Each structure stands twice: as C-alpha cells, then as structure tokens.
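Working notes for the structure below.
In this document, chain identifiers A, B and C correspond to the written order of the chains, with residue numbering beginning at 1 in each.
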Amino acid sequence: MSRIEIDNLTKRYRTGSGDDILAVEDLSLDLADGEFLVLVGPSGCGKSTTLRCIAGLEPVSGGEIRFGDADVTDRTPEERNVAMVFQNYALYPHMTARGNMAFGLRMTTDLSKEERNERVESAARMLGIEDLLDDKPKELSGGQQQRVALGRAIVRKPEVFLMDEPLSNLDAKLRTTMRTEIQRLQSDLGVTTVYVTHDQTEAMTMGDRIAVLDGGELQQVGTPLECYYEPANLFVANFIGEPSMNFFETEVAGDALVGDAIRYELSGDHLDAVAESERVTLGVRPEDVEIAETRRDAFAGTVRVVEPMGDQNFLHLDVGGVDVTAAVAGEYEVREGANVMVRFPEAKIHLFDADSGEVLANCRRHSAQLPTATGTGGEAA
Amino acid sequence: MSVRSSRLPEGVHDAVASAAGSFERLQNTPATWIAPAALFLLVFRLYPLIEAVRMSFTNMSLVEPEYQYVGLESYVSILSSSTFWTMSRVTLIFVAASVVLQITFGMILALAIDYGVKEKLRGSVSTRVAVLSAWVIPGIVIGILWKIMLIETNYGVVNYLLLQAGFDVVAFLSDPQMALLSTITANTWRGTAFSMIMLYAGLQQVPTHLYDAAKVDGARALQRFRYVTIPQIKPVVFINLVLITIYTLNTFDMIMSLTGGGPGHATEVLALFMYLEGFNRFNLGQAAAVAVLMLLVNVLMTAVYMRIFIEEEGL
Amino acid sequence: MSGRYSAESAVDRLSAPVALTYLVYATAAVFFLFPVLWVVSMSLRQPGEVLSYPVQFVPRRVTLDPYVRVLQDSGMLTWIFNSLKIAILEVVGIVLVTTPAAYAFSRFDFRGKRHVLFGVLLFQMISPVVIVIPLYNMMAQLNLLDTHLGLILLYIGLQVPFSIWLLKSYFDTIPEGLDEAARVDGCSRLQTLIYVLLPSVAPGIAVVAIFNFVFSWAEFVMAFTVLSESDLYTVSIGLFSFQGQYSMDWRVVAAASVIAMAPLLVMFVALQRYFVKGLVEGAVKG
C-alpha cells in the first residue's frame, strides 16, 4: 500500500503510416495512500492507456510513475506488485477458480501450497465464493467470474489495485451490487486503487476522487461533488451528470447574455466573471430548471417528450430552438406539446468561456449535513 | 580480504542478473521465437526455389558432375519440344476437368448436406464422413484402388457392371483417352471432399436473416440460391477454385500408381514429366526449367488467391 | 380446415427436396465408399474368387491369407514401423518449431510482419513437387539421402507454413487480456506461453499434429526421391514398389493397400471433428 505519483506521463503510439498517436499527454496525478481514484472519460480518452502504463503493461514515452518513494517507471508489472482486474476478467480458462487465484502467488512468491491455499480461501470467504473454488471459469456466471477476478487481485496483497472497466460486462442489477461490494472491499483492505470506467454513475458513486480525461488530457481531478457542482470546463460539465447539463451559446452584450434562444440578464459577480469574454456558454443542470408561473425572467418552451422516471419526470423542451431537459417532480402530469415557462435561477447557472471552454463561474453550492437520528432524537423526546 | 570476499558474490550476482536480463530481452524479441521456423523455411523452401531457377539455366545432368551455364537453352529446348506441349495439353485437360467436376460435385454435396443438417435429416454426417474418407486415403493407395476397380477384363468390377448393362469391356487404363478419363475420375473422387468442406463452410457463413429477408421478399428457392447464396459465397468459391487448381496441377502420387503416366505419355501431367525428365532421363537442367514454368503458374494462381484473401480478410 | 392445410404442406415439404437430398446422399455414399469396400472385399478372398465370373461382391469364404502373404513377402512391417517413426518425430518437430513462431506472429507487432506472413503463405501455396529436383541435390550434398533424419527434417521444412498459419489462427482467438493478466501475475513471455496459452491452443496443436501425421504417412514424392533402400521405405513407397511386383495377385495388392490406408481411416473416423476444422481453417486462412 502506498501513494502513487504520476508526473507528466506521456504515451505515444507509433502507427503504421509513421504518424504518432498521442494517447496520453502530460498527465500528472497524485493518489494518497489508500485512496480510490476513478479515471473516467469517453472511449479513446486515454484512461485505459493510463491504467496500463501504471500497471507496466505499456512502456511510457515520457514522465515518471512512483509508488511510495520508488520510481517504478521502468519496472515490469511483476516488480511493481500491482494487481489488476480486467474488463473481460481474463480468467485462465483451463484453471479452476482456485488455480486462477493462486497463479500469481505461484509465480511471484515462495509460498508453500498450503499457504497459497490459505490466502485463496480467506479471499474467497471475503467474496462469498468458497463453494466455487473448484469450478472452471466457464461453469461460473458473469458475476461469479467477476468475483474470482477480484479474488485473484486480492490474494496478491498488492500495493496497488488497478481495475479496467470491471463491471461493464455485467447486467444492470449485478453492476449495482458489485459496485458497493468493490467499494466495501477497497475500504476494508485500504489498498490504493485506480479504477477506469466510462460510466459516470460508477465514477460518481465509487471514487474518493474522480479524474476526468478527454483526448489524452486531464480535464479535472476532484471529489465527485466538486466535479458535479464545480466543473472546471465545458467538457466536464457536459460529461458528468445524467441527463447532462443544458447549454446555451450566447454573446456578452452589456449586462446580458444574448443568444438565438434566450436573453439572460446578469448581475453582480457574474458580470465580473464574463468581463473578459466575448462569447459565453451558459449551462444549467436539469434539476435546476424551474417551471415558472409568471413570465418574469422566464423563457417559453414547448414540451417535446416526457420521460417519467417515477420519482421525477424528465421533460425534453424546445426553448427557442435549443433542446432543454428539465427535471420536475414525478407527480406532475405533463402533456406532450404543452407550452410552459422555464426559469434558470441565477444562483444555479454555470458560465463558460465558449472559446476556451474554461469555466467562468459555477453555481452556488450549499453543503448541508444530513440530520442524524441521535442528533434529533433528544429534541423530539 | 573482506573487500574481495564481499565483491566476488556481487560480481556473480551481477553476472546472473545480466544473464537473466539478456534471457528476458531475448524473449521480448520476435526473432527469437521465429528463428527455428525461419531456418527450416530458408533451407527447405526458399533455397531449393532459388536453386531450381539457377539449375534451369544450366545443362546439369544427373550422371555428369560437370555442368555449364547455358542461358535460356533449357527453356528453348523444352518449349520447342512437342512432348512438352503434349504434356501441357494433357495437364490442362486433367486440371480443367478435375476442377470443374470437383466444384460441381462439391457444391451439390455441400448444398445437400447444408439442407439435410438444417432439416435434421438422417445420414448427413455419415455422407460427409464417406466423402471425406476418400480424401484421407494416401494418393498412392487411391491409384491402386482405382486400378483394381478398373481392371480391364470382365472380372474388373466396373467393366462387369458395364457388361451387365449391355456395354462392351472398356480399356480404362490402356486406351490413351480412356486412361486420361480414368485419371480425372480418380482425382475427382479424391478431391471432391475438399471442395465440399470449403463450400459447406462458406454456406454456413451466409447469415440466416438474409434468407428470411429474401423469403419475405417473395424469392423462391432457386432465386434465393441465385441472388443470396451465390453472391455471398463467391469469394469462397474463388479461393476453392484457386486451391484445387494448384493441388491438381501438382498431382503426382495418385497418377504414379494408377497409370505411371502411361499408356505412352497419355497421362503424363507436367509434374510427372518433370520428375521423369530429371530422374529417369537425367536432364536436371531441363527438368528444372519445367519446374520453373510450373512455379510461375503456381505463383500466378497464388497471386489471384492472395488478392481475394486480402479483400476478404481486410489484411 | 387449417389442420388439413398444414398436413398437406408437410407432405409437400417431405417429397421433393428431401427426396432429392437423399438421392444425393445415396449416390455419394455409393461413389465414395464403393472403391474402398471393394478393395477390402478383394483382400479377403480365396484365390479362385478374384477371377470368377459373375463377379462376387461379398467373398463367399473369407480368408486372411492375402494379409499373411503381405506381411511375409514384403517389408510391410518394417515400412509401417518406419512410417510411424517418421510421422511421430515429424509431428513432435513441427510442433516444437512452429508453436513459438505462431505465438510470435500472433502476439508481437513488428515492422514487416504482414509481409513475412504473406511470404510464408506464398511458400505454402507453392507445391513441393516443383522443388523436388534441387531438394534432391541439396540432400545429397548434406549426406541426408537414404536417411530418415533427412526425410524428417525435409517434412518439417515443407510443413512449416501450413502449421504456422493454422496455429496462429488459434492463438489469435485467445484474448490478449490473458497474456496481460499473466504478466501482472508475474509471468515472463515463456511462462505465459507454457502456463497460460498452451492449454488454450491445445486443440489447435492437436489439429496440426493430426494433419502432419496424415501428411507424413501419405507423402510420396519426397520419400520416393530421398529413400532408395527398401529397408528404409515408408508405407507409401513400399506399397508402390510392392504393387509393381505383385500386380498379378490383386488380392495381395488389395491387402497391402488396406494396411496402408487403415490407420488413417480409423484415425479419421475417430477424430472427424478435428479434420474438418483443420481443413477449413488451414484452407481458408491459407
């Protein structure tokens, strides 16, 4: 167990035609001991390449990787003492679950057969797969294979866990279960973990921190809530959150932002924020779109599609030619084709420089504590 | 003392480490893995090929150790000999007829078995085994099998059956034209299995939904074959065509035991002609020239094959 | 009403295409099995029954006498032993030589790999018959004429392209994730190949082994060229020389032929699946 430092990591692939492809560019990351970091981004963003560089499966083209105090940049995976969970599990088909889990120990340690077995069985107990140890992978369900793959990583007692989209082959329900299970395991074991996913729900729910990548470049590192409420740029704002943030292209005109669809009056801090910019993208999350009862500061929209989710409805609106998604409480009955007024409260908007994509102002975020039973219990009595 | 004794193991350790390191490095070089196979290829495939070309420019003989380079003389004398052209004609007839028959029978069998398997008819697997067993038998044995079948008296079984049907005894192996026909029959017997298997594999790759779509569009069985099956398996048919052409062109063993090239030169295909030219008539130079000409046909067919292959595999 | 309609269509369906299919099956069975059965029947006859008219399809009184004569009068036992020895050693050799190469072609990326692979394919397409004359000279210079070692090495050389392509296609079906998992588990490339990949390509190795065995057993031209002493003969050339001498007694020739093809036919029927696989993959992939 150790901290991981990645300094200016660069990875270039040479292609057949001689042009290089830059998969990862100048990436720096710092993981505290025992931290769970999620690397997230669309496919081709370089997240898997980064993970494979950390694992030692790919040589780096530049930069340094350190585990604790040791520079591991030129070490083989074995010498790095990492364990990895692969997307397709990569279980050895001819070995039993036990054989799969013990194989790494057989290759890297001098443990006796009994000692290896002990480690395998204790890991199996943690994962609840004691009864499956003598089965071959093809006799196991997807979820069970996933557990064996996790078990293989655990028995190694590695310094670092690396997980490459480990849940993407599971069905939705199992994915939710395994998500919590992996989190529980990771916090029990306290092993520093890098977890790659393209699924932003996994990113939001699992990690201590999220690192968002795009085009081989790091966009933002932060806690899930920071990335959600304080996105560093347009890409992160768009990528994190489901359904994603609504955007309006506007130009700064005096005290207002003027776009094809809207004219939005700014005040106070927001005016200062846009002072340097000409073109500004205004963003507002679906849950922050209010349905207004008056025309004041509101925009007219037409309901195109209603997606009832139960607890809430997602309304897909046409606001002056721009698609806007709004989340409203589930009990509202909304007709398609209905005309509504929507308001974007100024405290909730995000402003981005349209040219650079950098954030100019984020929404105001209130942190509140969840009331706990002991705290309120005394007063009630 | 203490300095030396502590240094020595370290040196040993370094040596071991560097040996292990270079072993590691060797393992990471593809050449290490390929070298043995490459050596065999170079010695037994590439070198003889180059040597064949070199020999074809000499007057090398099996009985005379001395030889000179004579330029194109071997080619000239081969190409101007009427025997060569007779052999070429025999080969052409043999190859063309064999290929056409093998593809036709192979296709009929592949379609029948494909249909049989889909309809779960009995006997599909047995039929496939029966056809394929002909292909497993060594060429020499195939020649003898057919020699026994075609015995030219009334106790040869084929002639017996012909007699029963009211025909005369046929000189299957001693009449030049019949001998060629017999050779073609035996070769078709041997090679149909290969076409069948390849075409059957091709049929399996036609997606079922295409047939369903065609049915919905109102295409009848023959139209489905014409407009769905044929275009879909065209590449497989071409690959098959090229492969069996090459195989047939180089047939040697089966003819050796069936007719030995006779009667006269009636079934002496180019492969046999080349071999006999070299080893029975000792003209290594001229034999090599024939070999080079055969090589050219091989390479030409291979080029066609690779074009299809590249298009199909997208390599 | 509807019941009658569907019954009719079922009858209709049964008649034409099904009958045609069975006709094809029957014709094929007769055409392809008859020569084999005829020779077997021939090999089990009393002397008088060969020349009898009308022809007997099934021997009246079965005798093993022709087989006894083959084993007594020819070197057939020696030839079988030679063929077995050559085939087995060739199979071992080809697996040892081509498995690492196929692994490399599947797992390494290096410049010119495509061209090398096509070169290998080209060699496979060129029939060995074409190079038999220079091969003879070469074997003579290497003092490998009339040796089994020479023939085995030659067979390995000839079979390298086919075996590499076939094995490579098997390696290609194994996800590279397994290699990576093995690397993370601390395996070198050699260990990865032995512990992780070989168990998965075992069926491919089996196909390569079976095809090479059949090739070695049946091969004629090269054996005929390299071996001239009858003690060294393989079954194929032994049979060829034997039938030249004995063509008057067809029973004995038939018995010798049955002996020569029986091992392959038995192997084929037992391992049918592998044959079809190898045939398709070996041909389609090159």
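Heads up, the rule we're going with is that a contact is a pair of C-beta atoms (placed from the backbone, for glycine too) under 8 Å apart; a residue touches a chain by one contact, two chains touch by 3 or more.
For clarity, every value in this text was computed on a predicted model and none was experimentally measured.
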What pair of chains is linked by the most C-beta contacts? B-C
Centre to centre, using CA atoms, which chain is the farthest one from subunit C? A
So the centre of each chain is just the mean of its C-alpha atoms; given that, what is the distance between subunit A and subunit B in Å? 57
Centroid from C-alpha atoms only, then distance subunit B to subunit C, rounded to Å. What do you get? 13
Enumerate the contact residues on subunit B facing subunit C in the complex. 24, 27-28, 30, 32-34, 36-38, 40-41, 43-49, 51-52, 55, 108-109, 112, 115-116, 119, 121, 123-124, 126-134, 136-141, 144-146, 148-149, 151, 154-155, 157, 160, 189, 192-194, 197-198, 201, 221, 236, 239-240, 243, 246-247, 249-250, 252-253, 256-257, 271, 274-275, 278-279, 284, 287-288, 291, 294-295, 298-299, 301-302, 305-306, 309, 315
Listed in rising order, the residues of subunit C that touch subunit B in the complex are 17-18, 20-22, 24-25, 28-29, 31-33, 35-36, 38-39, 42, 50-55, 96-98, 100-101, 103-105, 108, 110, 113-114, 116, 118, 120-123, 125-127, 129-138, 153-154, 156-158, 160-161, 164, 188-190, 214, 217-218, 220-221, 225, 235-237, 239-240, 243, 250, 253-254, 257, 260-261, 264-265, 267-269, 272, 275-276, 279-280, 283-284, 286
For the complex, which residues does subunit C have touching subunit A? 175, 177-178, 180-187, 191, 195-196, 199-200
Partner subunit C, residues of subunit A touching it in the complex: 52, 55-57, 76-78, 82-84, 86-94, 103-104, 107-108, 152, 156
